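What follows is a set of structures for review.
Note that chain A is present in both complexes that follow, paired respectively with chain B and with chain C.
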Partner chain A sequence: MEKDKNPVLEVNHLSICFDLANGQQAKVVEDISFSVYKEETVALVGESGSGKSITSLAVMGLLPIPPGRITSGSIRLNGQDLLQMKQKNMSSIRGNEISMIFQEPMTSLDPVFKVSNQMIEGIRRHQAVTKREGFAIALRMLKEVGIANAEKVMHEYPHQLSGGMRQRVMIAMAMANNPKLLIADEPTTALDVTVQAQILRLMLKMKREHGSAILFITHDMGVVAETADRVMVMYAGQIVEEAPVKTLFTQPKHPYTAALLQTIPSLDSNVNRLPSIPGTVPSASQLPNGCRFAARCKHAMSICSEKQPEIMQFEHDQQVRCHLYTEKGEMVSVE
Partner chain B sequence: MFYIFRRFILLIITVILVSIITFAVFQILPGDPVRTMLGTEADPTQIENLRSELGLDRPLYEQYTDWVKGIVTGELGNSIRFSMPVKELLLARLPVTISLAAITLLIVCLISLPLGMFAARRQNRLSDLTLSSATQIGMAIPSFWLGMMLILYVGLNVEFFKISGYIPWSTSIAGALSTLILPALTIAIPQIAVNFRYVRTAILEQVRMDYVRTIRSKGIVERVVMYKHVLKNAMIPILTVFGLITAEIVAGTIIVEQVFSLPGVGQLLITAINNRDFPLVQGIVMYITVAVVTINFVVDILYTVLDPRIRLR
Partner chain C sequence: MSNRTVLLEIRNLKAYFPVKRKSIREDKKVVKAVDDISIEIYKGETLGIVGESGSGKSTLGRTILKLIEPTSGEILFKGEPIQKLSGKALQKFRNQMQMVFQDPFSSLNPRMRVGEIIEEPMKLQLALSKEERQTRVKELLEKVGLREDAMKKFPHEFSGGQRQRIGIARALAINPAFIIADEPVSALDVSVQSQVLNLMMDLQDELELTYMFISHDLGVVKHISDRVAVMYLGRIVEVGEKHALYENPLHPYTKALLAAIPVVDFQEKRDVEPLHGDLPSPMDPPVGCVFHTRCPKAMPICSEKRPVLTKQKNDQHVACFLYEEGDFSVS
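== the complex of A and B ==
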């Protein structure tokens, strides 16, 4: 791996909490650390409410503050601490060095401005070009994301485009300033399955051509298998396992990861009902003292509900937060 | 195009309906214009004569069709009270009322839009809560009382303002403003209060939208996010309210012109009603109708300018 090089994005011990209306605090993200390296695709996987989208918004500097609050940690982009940065400086990084595409292509574009206007706006915000040059860049980007009639699309409004087309426009917009990091927050969830595959391939192509890194946020293990180099599994605000994609799929160490992998429907297995993980994610305002997955874990021991497990390092860059390994060193394989 | 055409048909239908109602109301309304003109001592033949002279003895549908013909050609008949063509009376007073309405609308826009935006961006903070409760009061103020208070405390103390009468623009721009600003404020203040709330709500609704997050993710500065994107999107619901408010303003001029003795259409209407001057009342009501319906038509066209999604329908 390229671990010896400096990471594009380095998140260190990041904790985020939300102040609730009733005076309680919801710890939505707790003490997460990860890095994303150049030209790497890192997937952040978890159920809804696991804190993965909040993490991405924090990286973008778009966390709603208040009620959100970053209680500790740092987010570094090429060594520069984004959390110490003034709003004004942060906005010149946003859309330039880090950009983002979102889950809902249908609602993520401004309905009352043409595609050209919205694209040129972003380009001219970060590049000193004329309107005409901005238009040319936008047009080139649209062609690059595989829009055949790019000239026509430039002059259209978002509602005139299909969901897949809009997501292509979003990608073109996000890549127009050659960002070092692209955050994709469930970019294919709202799309048809056939379009999903096209968009995923397109993102990987754009990543290669522009030399960016991708932080891919998803709950879809199938998408992870297709795109990611490395995977981080989030549960209730913590990263419970991190591993290269092959390792994660062949030797999942955390019981939650194993359970997630079992929820992927397979063509070979003959099941009537898709497997699911019993129980629900604990509420971020009422987190248990011990391991957060303990209540749903098949392998839960007495220590699991008493003490939080620490992160353990394994070979092949695998990290796991689970008592099964802290107590015994090596455990029976998790199935 | 079809959208605009459909709106235009609606406009025509509204005008026709109002013309029928305006005409019918005078048949139902107590008080005979002829008796009012001749006084209680008039003898029956005199009354009959005047009645046929005014065409009031003819069948109703004839009277109506004649009147409609008059509206179309612009000849609204003669005023009974002033013995002058209604058209001339209206034309003489329209500039006052139009100036008043225009200044009022301008004040409402200039104050309620930035104020609503300001409050929305400080949602639930002290400044927002103060503004919101202040506008509660603003909405509750009756405009005739507000007008009198403005005369009493501002008009009489500030040299610039005239508290009664009108100075035409052609004579002096400052003069016209000195007679129009206080009455405009009188109509505007309650409307600002109403409109402020709509603007605030519309902005808050837009700020939550996904596309705003996208624009922010492009690094666009907050001022542009708010004044370019959010405002334009929010203008679609706000515009509806502006249409309503403009109608309110036109109606508001009637009372306020009385309070400030402005020789406008509203004042003319009151005189006309008091004298059972039916050609004049009908003429003015038609003018107000056409004005309000036209404003709504303009609003409908503005929608298509603001919202590309409407153009397809």
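== the complex of A and C ==
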């Protein structure tokens, strides 16, 4: 990736915490920094509770505040700091320069409006067009996302469509205003594999044609390998590893990444028992002092439970947050 | 595995559901959720059932457990037909089969303590004293890798993976011979998913269980199963030993399904055209082969006649006109 260009999205040292009812604080996202460049697909991978969806909501300006609180950091879209922006200006950016595709297309479409009305509303909010022109744009978008009988679908309600169709409508809506950044939060998790393959193809095609950047949030490593250019692995609110997709899969540096890759049952492996990671993700209100993965890590050393590891830079744009490399040098194998 | 004993035999099983009509003049319509399925499950094996949502795989599982009354067909458990069973006899049959459900959040009663949840099936099915039941609950918790003090806790105090372990302990409570697991790991994160899969495999070895493992995840099914059946719109389109099926899929649907799975492979970038369209409505399935509307190899005969499962090499069965008996020339 050419790094000399300015990134579309730049997140710097972002920390988010939630104030809980019992007076405790849950640090759901801590000190994460990343950039997304034009025409690039960046995947944010992690298990549930790792903070990946909260990060995307913060970028969209949709974080529930309170109880959520952004304690530090900045989010810049083409240089503009979104966190300093007024609510009114933010809503002209949301859905226009950044749009989002959600996991469950049934709950993110309004059940009482026809597809046409929902789409025209989104288009007219950001473009100065008449209803009729809006209808034409919406129809063109539906055809672009591969809906064969677009005219009919325009007049239908979301419940009349299948899951794959609804997700296509969502993508058409999200792309209608030519966003610079598309955030896709588990867009295919609720879909069957054959439909998932169609939707993933479609998203990459839309990215190429519209020149947008995609921030792809998922937990499926197979999907990551097929779509992403760069991958960030999140664990308990921190980015523990970041690397170009091929490097991450062939030379994972963080023990969590390595373990995650091994636990996936693949089609061409013939092992009897899968390697598994013992234990569960620590709760965001009771985080350990040292490395957050230490309790489940098979390479854990004494320092891991005492001190937080710092981010370390490697060649090929790989970054890792792990003590192994500061303590034992760079030639450690985590296989 | 030549002298396998059949534990469960399903013959021409059908489960149809009537659909509410809009007016009395409309034709009566039925959803054919399970349409003429015949399959055998051998003792000690894991039979994987894969298919997309709406293919009828969960209905098949529920019909076998008699949670849904079949429209027609026979289910033989250890050679005994189970449709006619009722009362005491049905109870007796039920304690040999159990189910593990998909959603570990809604399948455990939030107002019962974990100890009570696991104990409840024993109260109904086994003649044990209270002390004996308590000891057994402790044994079971240990078996599924939970601590003894879990007994006194409520389900909400556990994570998804731990709850699924509780669900498995409950299923094991009455010493069943056969367990139907309906998407038991799809609600779990990958790192926890492998823990639960390993647990299920360990328990199978230890207790000589027979599993029917229903899932939409082909990777998971391949990992845990001995044989795999692929379902499409209420019918089994292909069934075979897992290695044969995954390495040499015969039915065009199985091929498409396998090709659609995203894989981690940077050596060869595949560019397979994905299947077009969605699953047709089961209310109005295509005439002839149910897959012909999406099949890249459809022939005229496919929309006229319905193919039946025919035996191919390696004990692989496929329902497709591309393969007439003993003909492997087409691939």
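Heads up, the rule we're going with is that the second predicted complex is superposed on the first by the 329 of 335 C-alpha atoms of A that agree within 3 Å, B and C clash if a C-alpha of one lies under 4 Å from a C-alpha of the other, contacts with A are read in each partner's own complex, and residues count from 1 in each chain.
By definition in this document, contacts are C-beta pairs under 8 Å (C-beta built on N, C-alpha and C of every residue); 3 or more make two chains touch, one makes a residue touch a chain.
Keep in mind the model is a prediction, meaning the values are calculated, not measured.
Chemist: Sharing chain A, do chain B and chain C clash or fit in the superposition?
Modeler: fit
Chemist: A:21 contacts which: chain B (first), chain C (second), both, neither?
Modeler: So A:21 meets neither chain B nor chain C here.
Chemist: Examine A:122 and indicate which partner it touches, taking first as chain B and second as chain C; both and neither are also allowed.
Modeler: first
Chemist: Per the overlay, which chain contacts more chain A residues, chain B or chain C?
Modeler: C
Chemist: Answer with first, second, both or neither: which of chain B and chain C does A:109 touch in the superposed model?
Modeler: After superposing on A, A:109 lies in contact with chain B but is clear of chain C.
Chemist: So, does A:173 touch the first partner chain B, the second partner chain C, both, or neither?
Modeler: So A:173 only meets chain B here.
Chemist: Kindly classify A:99 by the partners it touches after superposition: chain B alone (first), chain C alone (second), both, or neither?
Modeler: A:99: touches chain B, not chain C.
Chemist: Of the two partner chains, chain B (first) and chain C (second), which one does A:194 touch, if any: first, second, both, or neither?
Modeler: Touch partner of A:194: chain C, not chain B.
Chemist: Based on the superposed arrangement, let me know which partner A:164 touches: chain B (first), chain C (second), both, or neither?
Modeler: Second partner only, chain C.
Chemist: After superposing the two complexes on chain A, what is the shortest C-alpha distance between chain B and chain C, in Å?
Modeler: Between chain B and chain C, the shortest C-alpha distance works out to 6 Å.
Chemist: Quick check on my understanding: which residues of chain A belong to both its chain B contact set and its chain C contact set?
Modeler: In chain A, no position sits in both the chain B and chain C interfaces.
Chemist: Chain B touches which residues of chain A in the complex?
Modeler: Residues 60, 62, 88, 91-96, 99-100, 102, 104, 107-114, 118, 121-122, 125-126, 157, 159, 170, 173-174 of chain A touch chain B in their complex.
Chemist: What part of chain C is in contact with chain A in the complex they form?
Modeler: Result: residues 52-53, 159, 161-162, 189-195, 197-198, 201, 216-220, 222-223, 246, 256-266, 274-276, 278-279 of chain C touch chain A.
Chemist: In the complex, go through chain B and note every residue touching chain A.
Modeler: The touching residues are 209-211, 213-222, 224, 229, 232-233, 236, 306-309, 312.
Chemist: Quick check on the complex: what are the chain A residues that touch chain C?
Modeler: Checking each residue of chain A against chain C gives 47-48, 162-165, 192-198, 200-201, 219-223, 225-227, 246, 249-250, 259-261, 263-267, 269, 271-278, 280-281.
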